[in-house]
Each structure stands twice: as C-alpha cells, then as structure tokens.
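Scrolling down, you'll hit the structures one after another.
In what follows, chain A forms one complex with chain B and a second complex with chain C.
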Partner chain A sequence: MGGRAAAGEVTVLNHSALPHTPAEAGTDSGTGVVAPSSAPPSSRAAAAPQAAAPQAAASGTAGASPAPDTPRPPRNGARAVALALTVPGQVVSLLVLVLPLLVALYMSFTDWSPTRGSLFDAEFVGFENYGELLVYDTRFIYAVLRTLCISVVCLALEFTFGLGLAVLFMREFRGKSLLFSAFLTPMMILPVVVGYIFWMLFQSNGPVNQVLELAFGAGASVEWFRGAPFAVLAVIITEVWHWTPLFFLILLSGLNSVPENPVRAAVILGASPRQVFWRVIMPMLKPVIIVAFVIRSMEIIKLFDEVFMLTRGGPGSSTETISLYIYKLAFNDFQLAYGAAAAFIVLIGSLVLVHLLLAPVRDQLLEGGRK
Partner chain B sequence: MSTPKLELVSLRKEYDGGDVVAVDGIDLSVAPGETIALLGPSGCGKSTTLNMIVGLEEPSSGDIRIDGVSVVGVPAGRRNVGLVFQDYAVFTSMTVRGNLAFGLEVRRTPRAEIDRAVSEVAELLGMADRLDARARDLGGSELQRVAIGRTLVTRPSILLLDEPLSNLETAARLAMRQELRRLQHEIGLTIIYVTHDQVEALSLADRIAVMHAGRILQAERTQVICEQPGHVLVAGFLGSPPMNLVRGNLCAAESGTGQEGGGMSFRAPGFVLPMPETAGQGVPEGAYTLGIRAEALRLTRVGDAGVTGRVALVEPRGADSVLSVVVGREVLKVVTPAAEAPCEGQEVGLCVPAEALCLFDGDTNRRTAFCPRERA
Partner chain C sequence: MMPRKLTPLQALLMGLALIVVLFPVFWIVMTAIKPPTDWNASPAIWVPSKPTLINFQTLFNPDAIREYGVGGVSQAATDAVIGSLLASVSATAISVVIGLFSAIGISRYGNGGKSTPLVILSGRMFPPAAIAVPFVIMFSTIGLIDSYPGLIAIYAAVTLPFSTWMLKSFVEDLPREIEEAAMIDGQSRMMAHLTVTIPLIKGGLFATTMFVFILNWSEFMFALVLSYSNVSTIPVQLAKYVTATAGTLYGVQAALAVLAMVPLVIVGYRIQSHLARGMTFGAIKQ
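And now, the complex of A and B:
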C-alpha cells in the first residue's frame, strides 16, 4: 500500500513541474491539482476545451510554436505559488514513504538488528536472508502456505455469499433497503473490533458454543482456540463475516450495470434463467469479479488484526499468517533485517499474484479511450 | 384467405395500475411472408408492442395469435419469434460463432446440426470468414449482422426488428437496408419492422402501420398510405416535407368571389381557397383540416392564382428546393425544382390543383370521402 501511494504522489510531483501553459495543465485531467493555483478560475474554464485543439495540431510537428490563440503561460509568480503549495506535501511523502521503503530494501540485504548498533555498520550479506527464508525457514514457508489456504477458502466463501446476496438483491422484497444497510455494516467495523467480538463469541462458554449445544446437544460445543483446525476455522468465519459485504457491494453494483438487452436477447433465444445467468450475465460481470478478487486478495494477504485478536497466531503457530510472522520477527525477536527480507518476498509475491489475476481482463480494463 | 401469421386483437398494455397506457387497443393482422413497418414517433408504443409479441411483456388485455393460436402466457423463448435490438445486444464476451450458436446451444441441439446451421447463416450474411472474431472487436454493421444471424439460426417464424438501422452510419445503413431486402426475398420471413424513419419504412415494408399514442392510426400498403393518408397525424408524419395541414371551415362560396355554381371554398384566418370544381361535392359544410401536398403545389404569377403568399424561406435540397410560403397566418411548404426557386421575400401565387388536396374531418381527424385523387 505504502509503496503504491508513494508512487502516485511522486507522479503528481513530476506533473506539477511540467505544465508551462494552462492548456497543458488542462490535458492533465488526473492531476488537475496543479492548474487551480496556476491559473485564475475563468481562464481555467476556458483553457480546458481549447486544450485539445492546439495540442492535436502541434502533435505532428514536435516543438512547433503554440497557436496564436493559446492562452498565455502563467507568470513565474503563479508557478512559484504552485510549487510552494505542492512541494512540502511531496517532500513529506518522500520522507515517510519512499525513503523508509528504500532503507528497508537495503536493510534486507544486511544482518542488522537494532541491538547491534547502526544499520550502516551492519554486514552486507547479499541474498542470504532471502535464501534462508525461501529454503530453510519452514515457519515462513508454512505461514505463506497457510495464508494462501486461508485466502483461497475465505475468498471462495465471500464470493459465493456475496454473489448470492447480490442476486437476491436484484429482486424486489420487503425490507430490502434496511437489509442492505445491515449487510454492509460488518465491513465498516474496525478489524480489531471484529477480532475482539469474535474472540468473545468463540469462547468455550461463549454464545457460539451455547447455540451449538442448544442445537446439537451437550457434546456439540467446541474448544475453538485449542487446536489447529478449529482455530483456523474461527479465523475463516471471522474474516468471511467481516468482508463478504465488500463482495456483495461490488457484485451488486456490477449486476446493476449489466446491460438489459443482451439478457433479454438470450431469453428470447430460449435460454433458461440458469443459462442466462452463467452464459450471459457472468461473462459480462467478469471484470468486476476480478477487480473484487484483486482488492480482497491484496487485503487478505495482509491478514493480521483479526488473527492477532483471536489467536495471536496460536496455538503454536497453527494460525500464524505472513503478516503475523513478520511482525513477530521484527518486534518480538528484533530480527528487522530478516523481517524486511520476508516483507519484500511477500511484496513481490503479491505483485505477481495481482498481475496474474488481472491478466484475463487487462485488455478489457485498459480499453477505455482506445476506440 | 389463409390464416394470418400474426394477429393482434385489441392488444392493450397499461403500466402503474392503468395510469399509463402504452398500447391502447391495437388490431393488426400480418400475412405470412409480409413485411410490415410500425412507424411512429418515440414513445408511441412501438417497442412495447414488439415486447408483447416476443413475450418480454404480457399484455394487460387483448390477444396475440401466431398461426391462429394464442401465445399469451407462453414464455418468450417458446414463441419462435426472433427480435433484433436497436443496440444489437450482441454477447460481447463470445466470438461471432458463439453468438450465432447460442440460440441452438441453449436448446441442446446436436453439435453437428449447430455447426451446419451456423455456417449456413454465416454464409447468408457474408460473415463466414469472421466466425472466430471476438464480438467485442466488431464494427457497427458487423454487429448488426451477428444480431440478425443469431436470431435467424433459430429459424423464427416471425422476425421483429426494433430500429435495426438507426445506430449505423449513413453508408452502412444504405448497405444494410439492401441486405435486409435481399434476406427478405431469400428467406421469405414474416417481418415486423419498427422504425421512426419513414424512408426505411417505405423502402423495406409491404405495408406501413403508423402508430401514435398507443394506437394504430392507419395500416395500409406503402404506396396507398402516402397517397391517401387516413388521418391528420399520418398526413403530418409521412412525406418529406409532410403534407401541409390547415385547420378551417368549408363553406359555400360567396357570390362575387369568382366561384360560380355553388362551389365550395375553404376558409381559415387570412386564407381563402376556392375548392376545385371536382372537389367538395357531397361534403357538408363544417370544420375540417385541409391537407395540401407540398409536391403538388405549383408556383404561378401573382394574380393568376387564387392563393398568394410571400416566400419566407428557401431550403435547397439539391435537385429541388423546399419553400416556406406565408399565406395569411399559415405557412405552406412547397417543393419546386431548384432552377425555378424564387428569392426569399418574393410574392408568389400558388396554383392548387385538385390532386394536391385531402380533406380531414375537423372532429375525428379522419380523412373524409373527399379526395380528388381517388376519383382520378
């Protein structure tokens, strides 16, 4: 997250240095931040529509002088104001986001620990940390595999429930708007609070066990946090309860934007409701589904708060996720360099994963503006 | 006479518990192999009618019969009626082949038969070499072909086309219009064609049904409906420019107006038109709307004609020009050869031949028995 935000900020900084004319600033729709300070409101409004024409005309002949009706470049004073307003923010983000990232990258190639003096005195060990993690550190490898397993199960369940709810909400029924608000509530609660609530619910004499005993008799209660399968199950239940609403919301908005006529065309061609759903609606929903999966998988790979509140990774390391393991490495064992290497492995893994997930719809998502 | 392919009987569709009436009791009978155009402005109930025929909406009352059998209550996919949407509604996630095969696949037709039908239709539409293209990458007229082909594959007994050409550019529209005509002849389908473009209706349909506010005003053979519009609104809708319509009164000509022998004249504020000898006989005096065909009006010198006016606007159209001539409080459109067009502001006389006229009842807006052309 930090890395991406920083990248975004840096781009803005670059753009702020570029525009010499309001016309140029006008074409930078994404970074309009710069334009307001460099041009009065009226000329800004005028500049935007004109922007395309002179630029298009000039595009064939690089470096051609601007057309006579191009608005005058802003005075140096205005540019100074623009810089004065944007630079401090950029400097801060550089200091707190980009710099630490680079320091952490360097750190991951050393054997530094805060108990052993300055980082720059630490021995440079190259890829030793990475090799150790990927080959010998079974606890790390298991944490990765465990996180992946939990992620796959959680995402599958969240998607299924979310899609089911979204399809249900495409119909009219009583109390729909009330239920809509209710179903969205879980994802608005802080993860720590959710973790704490479920920790209490899953206590041996807690409500969950009481309900189980009521339903299935006295022997049905479960010691949720004593052993691996139930502890993992508790984590999964918590996570699914917490984040199904996000899938529900994204899929519902996707379903609502599915064009009506292809669906009607399929009905007229004789498709059953099931065929219409799977063969016509779902393919149209594919980009939305994949984006939902990307957003959620990035989040769930970082799964920390709920597990920390529920089990702290225990018993043993049976519910330890990657984030939890890295946290323990860094802040319990003070192996900051080793932890940094683990974090970078996860970062690279997530990048690859996200790109793989996006691959099937990449062209479709980037299509805008090409035709 | 054989059983009509499609019959609409007092078909009615209401929304919001009867507050909104989209289709207000229409009767229509379509013969097998006939192409009929439903023509009318937006919101006149054309598309609702199509939706009811195809089964996407159920009528509030009335009946729909295909081959003499009522299909009300039969689900959309079982009526064997095809519908091509205005926006094509092609399945963009599939290939052309996938689109064409869809209708048969969902009916669990054997694969060999599907392949045969798909290649047959692709051949017919000239898309045999595009079968593996993704529908997403197709252009407008190709999408149109896929949309039509996808329907044809299922061998519908009636094909409904909802403004199929309105999203195409002019050149593609002309080409597609010819294509549709060819298909019409080759397959001999019964086609119901919804459009608000009268040129399209005129060029493709055997009959035109003009709709307005949920009703069919007139359903007639293409040539007839233009010559003898049955209703003021039909007259005001068809033709380019449409017929001039003047509301006024028909009364016996006063003496001294040059009209002898009990001739009739048509009067509107600032507008007196002596009716031609052959016209107006057997029609009682009263309030009427007079229709005057723009193409049949002729310019003459001032003083030679009964009607004089001033040219307010000249709109050149190439070979001819459309004049707006102010006569009294009325503005009459006159089509004249471009070479003979007067200047704007010039006074002109208008010769009104009998065949230029049509008389509509002032109350019902229906055409009266009077119509010189019929007698001619």
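And now, the complex of A and C:
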C-alpha cells in the first residue's frame, strides 16, 4: 500500500537528511525489541551517508560519537520498559486516530444521517457515496480542483519568496537576528486570527484598497469578497503571507548546513556564482526542499480556518475548499455518511500525492547509501 | 560561501518584504486601540488620534463600550479566555507527558518505529472536518460533547504526533551511552530514563511544550464543532463575534484577536530556533 511506503520514507529521510552520531546507526538493530524485520537493511542503507555528511550541521545538545562496541547493559526488563513507555501513546493513537477513522470508513459505506436514528441501523449502500461524489457531485469536484489550484499557486509562491529571502539571509548585514525574528512572525499567529486580519485588510474601505487607489488612481479599488477571482486571490494572498516564513525557515536552515568544500571546489574550478547556486547548492538542498513541500502540502490540502474567516467559501461556493465543503456537508446539511466518503477520497489522494513527492529523494538517498 | 554584504537593490527588496510582513500585524494592533468612531472610517484611519483601551475592557465587561454610544457585545470573552487557557494548558501537559514516554520508547527500543509514522501521517492528512464527525457521534454517546474533558482529550491526541516526533528527535541527539552508563552503574532502565535522559533534554522538552501549546491554542475546527454552550475558546469566540454582529464591531474583534496572538508571538520568539523541528516532525533540526 502506498501509505506504508510513504511513511517509511519519511523516516528514511529523517535519518539521512541530517547527520546523527554514527553510534546510533550501529545500535539501532541491537536493542530493537519489537523492531519489524524490514528495519535493519533500510536503516543501515540510509545511515551510510552520515559518515560523509558534515558534522557541522548537527546542532544537537551533544555531538559525541562513541565507539559502537561499547558493552551493552543487561537486557533484562527491556521489553517491559519499552512497553510501559510506548503503550500510552499507542492507546491514545488507537482511540483517537484509528477508531474514528474506522467509524468514518464504515459510515462512508452507509446512507446514515443523524435524523434517521442509530448508525448501526443504517442501510449499507456499498460504494454508492463514492460513485456519486466522483461522478455526479460537481461541487465536490470543483472543491477538489480549487483546493489543488490554490495549493499549487500558494506553494510555488511560498517557495519562491521563501528561497529568495533565505538567500538574502546568507549575506551579512546589521540587525540580522532581529530581522530573522520579524520575518518569522506570521507563522506564529493563529490561522483564525490571520484570516480575520486579512478579512479586515480587504474590506472595501480597508487599507489594501486605499493603497491601490493611491498607487493606481481612484478606480483601482476592488470589491474583494464579491466575486470568485478576487475572493480566491484574497485567500491565496492570506495563505502566502501566513506560511512563506516556514519555507524561509526550512530553506535557510538547509542553506546553512550546505558544506563549504564542494562550493569552494566549484569556485576554484571556475564556476560562476549562478552555476554554483543552481548546480552545487540546489541539488544538496533537494531533501530539505522536499520535506518542506511534503509538510506544507499535507497542511494546505486541509485549508479551512483562514477561508472560514475570510469568505466561508462564498460568494456561492466560489472559494469553497475540500475541508469547508466536508464541514458544510456534515454540520450544515447533516449528510455525515456522504461527507465521510468525501474525506476518504481526499485521504487516498493525499497518500498518493505524498508518495509521489517523496519518490525522487528516496532513490537519491538509497543510491548514496550503497556507495 | 563567502559572506557578502547586501547590494542596495537587495536591501530595498528586504525592506519591502519587511513592510509586507509587518503591516497586517501593525493594522490589527492599531484597530484594537481605535475608539468606535475610527473603526470603520472612510478613508480608513491608520493610526488613531485618541488611542484607547476600551475595546479590551469591553471583552470582559460587554457594556463598557456603551459610553461611546455603541451597543455592547452580546457576550463577554471571559469564558472563552478561561476556556482556551484551560484546554490548551491541560492538553499540552497530557500530550507532552505521553509524547515524552513514546519518544524514549521509540528511539531507545525501536517500538512502533515503522507502523507509527504511517498512522500519524494518515491522521495528519485526513481532513479534520471528517475526523470531527465520528468524534461528534462517539462523544454524544458517552456524554463528552460540549465538555472540557472531551475537548482536552482531542487536543492532546491531535498534538501527540507532534510532541512525540519532536521529542524523539531531541532524544536521538543524545548519545545512548550516557543512559547505558547509568544502567551499568546499577540503575534500572526506567530510573535511568527518568533521572538521566529527561534532565538532559530539558531544553528540548521546554521547546516542545511551548510548540504544542501554540498548536493547541490555535486549534479551531474541533472547538467549533464540539462546543455549544458550556465550552468556548478564543478562536470560536472570535468567529462568533464576527458572525453575530455581521462583523461591525471591528475594534472589539481586533482586541480579541490581539489577545489571542500576543501569547503565541511571545512564545514563538522564545522557541524560534526549534520551530522548524516542530513543524517538520523533527526532520529538520535547526
């Protein structure tokens, strides 16, 4: 299943994108009590590039690298301790993630609605909800397409601005740390408040229109929430403002951990600054860039809070995202079963998407490990 | 790369970016201190000539604003502020404690190392609107709907992946030989974790706690669908103000928005070096 692969790869990425102490790689299989059989080869393969990776990037509290053949403490009690430590988290995950998912999955195959009595009496309708959604429900299909379009535009802009800003921060200037904090501000503000702030800024007599009129004359002001193109644009501007700092932060930390030697070598060999950036630095940033895109895609697919405050999906359904549509289905129209089916379609789509996004780095990482 | 200075063009670009980033924050703070006459003026007033704290007072005493000849708000925000504090602080504590144990278990004993990320990733991708539906059903059955214990349970569970993964990355930064030395010295495994591991990741524990607090404090959708009358949080209250008055009480709404964001911005600056780690489940460590 795509999900298993995708999940495994994140761990791989997690291990090899950033250098750990070599000791860890050696001991992973040693104390693994209930470790799945597939774990050792993949973690070893991914661990190998650590040796080549620069120690400078490891920012942990302790950077010691003891010999892998230190004597092990007695193994007695390890299993009990391991269980005691992990069971609470697993129970909570089961109760709060897996159980509701199963309930929702069952529900999506019924025609249940709270007005019709208990869920267990509901009629089983097979894939009817899914068929209806994928074939006939244009509002759902448009919501999916709209969310995808908004996501692609937002991520492209956030990446571009974030990278630009991160590159500027590689230079020296005064007040750098203060500016760094200032540029992170948006991502610390809660999404509901961000939505509210931009709702105010985009009012017809708000400051955005005021600036537009100052710059382009009296006719330049825009009714932001009256029609589709401008309302969608307002959502995109809000989202880009809110999350560009995350790209900036991740890309800057990636740029900071690029080793100096390959860059120096390229310069000595006569590469222009442009070539150094695109041919030497960018390829090394690839894993970091992909992490940023995966994390952000997972979040933006669920876009809800800001749109709820800005437009509630309106006017009509012109800014309705997937989450907003499902929310309206479930809590305004009480079509819970139908909404659950919609959610599973989105889940499967997202799993495929994350799998595709992670595929390029996985190959790169595994090849690196075999050298 | 040799550190070089900014060219004038680059400095200009950065200045523009700074204005774009800070203007919305400036605007909400200014609106929060505007007297009612300035709220909806046309053309918009950028800096109020007579700044006032009346909007903040109105949040806790709905009739305070009447001295300006404006109808008061229907509902004080006091309950929402207390509710947000109660839910976020309790949920953060639960999430971090369980997450800490799981983090040690996963990174030191390899438990659930392969299956847990799958569950977490799927959970994170599932639209909360849909996961909220089974919750509403389950909580109605066991009487937890519209109650703080119910809300706290969900908050804690939803942030558990973040606290587990962030703490796991801190535990992994710590060489396991340090704990093993304590074990060889005769401490039990559990004691070694409690007395050696946990004190050594104190900084990480603090950052994780603050990060999870930010997530809980920001949560909107679950609070929206699981609260009717007994339970309220600041984000839900803000949405209610905007709906109830068709959005016309600008100053009071802005005051609540400022109240909601100030703690987060303070906490956020405090842990800014760990924000990337938290957001990426520990994949990026700076």
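Please note the rule applied: the second predicted complex is superposed on the first by the 269 of 371 C-alpha atoms of A that agree within 3 Å, B and C clash if a C-alpha of one lies under 4 Å from a C-alpha of the other, contacts with A are read in each partner's own complex, and residues count from 1 in each chain.
The rule is simple: a contact is a pair of C-beta atoms (placed from the backbone, for glycine too) under 8 Å apart; a residue touches a chain by one contact, two chains touch by 3 or more.
Note that the structure is a prediction, hence the values are computed from the model and not measured.
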Partner chain(s) touched by A:Ile268 [first = chain B, second = chain C, both, neither]: first
Which superposed partner A:Gly314 touches (first chain B, second chain C, both, neither): neither
First, second, both or neither for A:Pro259, with chain B first and chain C second: first
First (chain B), second (chain C), both or neither touched by A:Ala84: second
Dominant toucher of chain A (residue count), chain B or chain C: C
Partner chain in contact with A:Met284 - chain B first, chain C second, else both or neither: first
Touched partner set for A:Met188, first chain B, second chain C, both or neither: second
First (chain B), second (chain C), both or neither touched by A:Val103: second
Residue numbers on chain C that touch chain A, as the complex places them: 1, 3-6, 10-11, 13-14, 17-18, 20-25, 27-28, 31, 40-44, 46, 98-99, 101-102, 104-106, 108-135, 137-138, 153-154, 156-158, 160-161, 164, 169-170, 172-178, 180, 183-184, 188-190, 193, 200-201, 203-204, 214, 217-218, 220-221, 225, 235, 238-239, 242, 247, 250, 253-254, 257, 260-261, 264-265, 267-269, 272, 275-276, 279-286
Footprint of chain A on chain B - complex, ascending: 54-56, 76-78, 81-83, 85, 87, 89-94, 102-103, 106-107, 136, 147, 150-151, 154
Touch list for chain A against partner chain B, complex: 259, 261-262, 264-272, 275, 279-280, 283-284, 286, 364
